[in-house]
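Two complexes, one shared chain (subunit A), two partners (subunit B, subunit C).
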Partner chain A sequence: MTTKKSKLFYFIPYSMWILLFVIAPILLIIYQSFFDVSGHFTFANYQTYFSSGTYLQMTISSVWYAFLITLFTFLVSYPTAYLLSKTKHKQLWLLLIILPTWINLLLKAYAFIGIFSSNGNVNGFLEFIGIGSKQILFTDVSFLFVATYIEIPFMILPIFNAVEEINPSYISASTDLGANAWQTFRRVIFPLTLNGVKSGVQAVFIPSLSLFMLTRLIGGNRVITLGTAIEQHFLVTQNWGMGSTIGVVLIAAMVIIMLLTGEKKKRGRKMK
Partner chain B sequence: MKKLAPLIMGILLICGILYGTTTYMNQAQGYTVGNTLTLYNWGDYIDPALIKKFETETGYKVSYETFDSNEAMFTKIEQGGTSYDLTIPSEYMIQKMMDKNMLLPLDKSKIVGLEHINPAFLDLAFDPDNQYSIPYFWGTVGIVYNDKFVKEEEMLHWDDLWNPALKNNVMLVDGAREVIGFSLNSLGYSLNDRDPKHLAEVTEKLDALSPNVKAIVADEIKMYMAQEESAAAVTFSGEAAEMLAENEHLHYVVPEEGSNVWFDNFVIPKTAKNFDAAYAFINFMLRPENAAQNAEYVGYSTPNKDALQYLPDEVTADEQFYPSEETMAHLEVYENLGQQALELYNDLFLEFKMYRN
Partner chain C sequence: MKKTGLKWSNLYLILVFAILYIPIFYLIYYSFNEGGTMNSFTGFTWDHYKEVFSDTRLLVIVLDTLLVALLSSLIATFIGTMGALGIYYTKKRPMRNALLSVNNVLMVSPDVIIGASFLVFFTFLGIGLGFGSVLMSHVAFSIPIVVLMVLPKLKEMNDSMISAAHDLGANNWQVLSRVILPTILPGILAGYFMAFTYSLDDFAVTFFVTGNGFSTLSVEIYSRARQGVSLSINALSALMFVFALTLVIGYYFIMQHNINKKKKQRKLAEIEAVKMR
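Take a look at the complex of A and B:
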């Protein structure tokens, strides 16, 4: 009895938090999105969104950039996490990788401005080895590089945990049964770490959809995501309805990603 | 459960203590409703020495709070949590606040020293007869260029930004009105133009500018231009003044065919409580020697004509910051476009940002 009661009690802070800071804001955004500037109920915001080439193109480019960021993050993170689990001082290495997340995003962005600017370290080096200075800031490359850099720890952690959880006897079994290293990786290790990869993709793709400080600071607004449009609608045109509509679309996109990458309930059934 | 209860009690207790301390500290420093002036201003937009001087002179305490955009200020005043006594919006926002009844009319009998203000800056369309506002600073939108990369005679007009030699070498300020505005000016239209046909021409013209645009940024322009990241940039005069102070190769031009002139004016919002302090501060800042000191610190142009004599000649003689009457005649003030046109401007600007050559 008491345990049940105290369990309920412990549940209060969590449910309050979810109610106040997750459910209520989402409901407010959805509510807002049905009103026009003068406060009349309308579906026009959604109509505008889905009939305007600008917004659709922006959505596509947001998704595309988020996809690229996730892909590059994955390509760097998976081998890193895998090798990390094989090293001696795992916890230390892991700590070193997580350490940059303690630093504020804006500070990191400003640091990259210094590194990438025309008088920065990278161009100094390029000049030194004879290539000559290049325009690095405000390009797709620099934007993707910085975004990837920032997101890497969030991908490494879940993958690392998944790799750690693999029972070493599976790998021994696989080699005993005659599989080579690549086959072991493809048939045993990768499927077993897939859940880590999925949560990594969630943790990276979703925030990447609406990165907007980086698009301005590093991308110089030459890279546009939906975050930019939301900011403009809330601050400049003060059309909160339209801003909320874009927000709702983003939330829908996130839900779709969650569903696609979420854990399947009937796990284990498919195994042959 | 046994552990949680003390925790919650603890948090409540800490909140209580913090609240008590704040009240106590405010009183200890002399902040009470009767003698505090709550000034809501842009960041770094007043000489702190002047606030000290005002405090010792009048005995009022100044509580200085800052905002970084007109819109942010508008939202905060509209919601009315804090009793700001005095704030300094730009002209188009003053118009908007007037429309929404968020400003209180000024009692002219309490204002001393209005005669110091240049009549050219009084009685303007956004606030006829200065019923609601008193000029604080004014400035323009123009081009900053670096003479290492661009020759003086190659940067006189807005059209010079389209020069193919400046490929990927122009920075723009991240503002729809500024960017659409100078494009309208370059085509010979007013920067308050709402004609969709003219705006379509602007879209086409801006797309042609796209190859030259390196970045569309905000405050960072200052840093980039000082570090010579870019050859030219479109920005505000006060920002330009700061860049010029940091890098001697930089120059500022206001194209003579037309540009924006803007004003930041004192207004008393409806949240005000301490009117005497608000008027005392306005009068204090209207005094020529104070206005001059402030202009020297902030770097924007002062509307106070009698303050000019206290400023160094090289400042007041600088045509770019105190333009000739001829140029002034071509400068326009932003009008409140109305929601529809404002959204059109912003959509165009978003499209322009997305357009990649």
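Take a look at the complex of A and C:
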């Protein structure tokens, strides 16, 4: 139909983009991870990373925080997505869920600086009910709360889509065969929405490893994620080699997550 | 039992919506506060808005941010649409899947990795940091979104229309401009819109590649927020909220105008698919 030439023509700018902005940067960050501050080739960055307790501990705590954020997001989002699909005007409600994602993330973080501050409303409330004011801002709890808050819409969307795709006759069939509401949920609805949950986990877990602006603004540097460490090494201490090494670790973590939550492989189907 | 169950579920949804929206309205509410803090509302004032509009540095940054967003989404739409056409014409399945996976790399990468690797890349090539590097990065991370928005439209397109056009003597350029582009135009517009909002929204990537002289709104908000509460940021966020709201409403209005109801729901699903990257 269309000649080979015009096909090639379409590809020129696009493949330039792939080469320059997808492949080259990844290769460069791997390359950079083998150099020390003064520009000598070395494996020292990896050695430091894997032998020093601080980096490993930081990685573990970063993964742990990301896990907690993903878990809390899931716990809030699943019922929300499920109940949303049962409402009238669900497209409108869904739009209202998406709308906050169009508000700049930093503004939302900034709002929490006000809400959680020592004279802020949450502390006012705590004082009112007699607990007394507490340091909320710059703790890991506030970091987890704000990160969860920001990620919720990204978890709701894929789960909502998965719930919407369920053929209603499966549910009728399950009820007709004598399953109660809980059994229907556990044996029919949840397994069928598992792919939505997986893409939600993917959409939340990976960014949660790298939320450096939140750790700075809300976590007050008490929480250090992989992203914070990368930012620190690149923009503050200028140790690009070490920063790239952590970057490579983050890329590896990302690939692992993608494989674990990957596209509907048949075997992942059975769910207890 | 059923009735009370419904009530609880409504209560839960209301709670979730409240949590999602309270911080945003909290910000806007205190942007009118006469006192300088976000804690106690002492009186109504427009002062913080006046402050925003008299802050020339901030206004320059706003204009720069809009310029980067407009230009980068335009370029990204152009390259992305060509890429989508290229992928569409690639009939070999493994090759096509490989292209799609490569396309999605930047969609799933954490912003920090994109930012850091672009910083290394620009430094390696000797490209100075500033407007140019920010623009290039925004184009780069917007292209895959455009591809993802245009491809479904190409798949929906009826191939026999193209054969018909060829049979009727149209050359390649005519087929493209008279048949293909008009058909996929909604996808292209959606791609442009998404690229625009991504560019406006981006903080992390810009933060890495912005250098000293140039700043976008997100970066500026970050550095101001690190210094503590200043109600002019609240006023700015209220303005940005209204802007985002107008964009979204305008976008849905255009989309609603174009397509009938059944397709509208599809459209929404596509946007979600991209938004949830």
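Everything that follows uses one rule, which is that the second predicted complex is superposed on the first by the 245 of 272 C-alpha atoms of A that agree within 3 Å, B and C clash if a C-alpha of one lies under 4 Å from a C-alpha of the other, contacts with A are read in each partner's own complex, and residues count from 1 in each chain.
As a working rule, a contact is a pair of C-beta atoms (placed from the backbone, for glycine too) under 8 Å apart; a residue touches a chain by one contact, two chains touch by 3 or more.
Keep in mind that this is a model prediction, so the values were computed, not measured.
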Tell me which partner A:I166 touches in the superposition: subunit B (first), subunit C (second), both or neither.
neither
According to the stated criteria, A:S199 is in contact with first (subunit B), second (subunit C), both, or neither; which is it?
second
Based on the superposed arrangement, let me know which partner A:F138 touches: subunit B (first), subunit C (second), both, or neither? first
Checklist entry - Who does A:V188 touch here: subunit B (first), subunit C (second), both, or neither? => result neither
Between subunit B and subunit C, more residues of subunit A are touched by C
Practice prompt. Give one of first, second, both or neither to describe whether A:A44 is in contact with subunit B, with subunit C, with both, or with none.
Written response: neither
Practice prompt. Using the superposition on chain A described above, determine whether A:N239 touches subunit B (first), subunit C (second), both, or neither.
Written response: first
Task: For A:L71, decide between first (touching subunit B), second (touching subunit C), both and neither.
output: neither
- prompt: Is A:L94 contacted by the first partner subunit B, the second partner subunit C, both or neither?
  reply: second
*Which of the two partners, first being subunit B and second being subunit C, lies in contact with A:P207: first, second, both, or neither?*
second
Residue overlap on subunit A between the subunit B interface and the subunit C interface 6, 10, 13, 113, 117, 119, 216-217, 235
Per the touch rule above, subunit A residues touching subunit B in the complex are 5-6, 9-10, 13, 37-38, 52, 54, 57-58, 61, 113, 117-119, 135, 137-138, 216-217, 220-222, 224, 228-229, 232-233, 235-239
The subunit A residues in contact with subunit C across the complex are 1-3, 6-7, 10-11, 13-15, 17-18, 20-26, 28-29, 32, 76, 79-80, 83-84, 86-87, 91, 93-115, 117, 119-121, 124, 149, 152-154, 157-158, 160-161, 199-200, 202-203, 206-207, 209-210, 212-213, 216-217, 226-227, 230-231, 234-235, 240, 243-244, 247, 250-251, 254, 258
Subunit B residues touching subunit A in their complex are 1, 4, 69, 71-72, 168, 171, 174, 176, 213-218, 220, 223-224, 227-229, 339, 342-343, 346-347, 349-351, 353-354, 356
Listed in rising order, subunit C residues that touch subunit A in their complex are 9, 12-13, 16-17, 19-21, 23-24, 26-27, 30, 37-40, 78-80, 82-83, 85-86, 89-90, 102-103, 105-106, 108-114, 116-121, 124, 136, 140, 143, 159, 162-163, 166, 172, 175, 197, 200-201, 203-204, 207-208, 217-218, 221-222, 225-226, 228-229, 233, 237, 240-241, 244-245, 247-248, 252, 264-265, 268-269, 271-273, 275-277
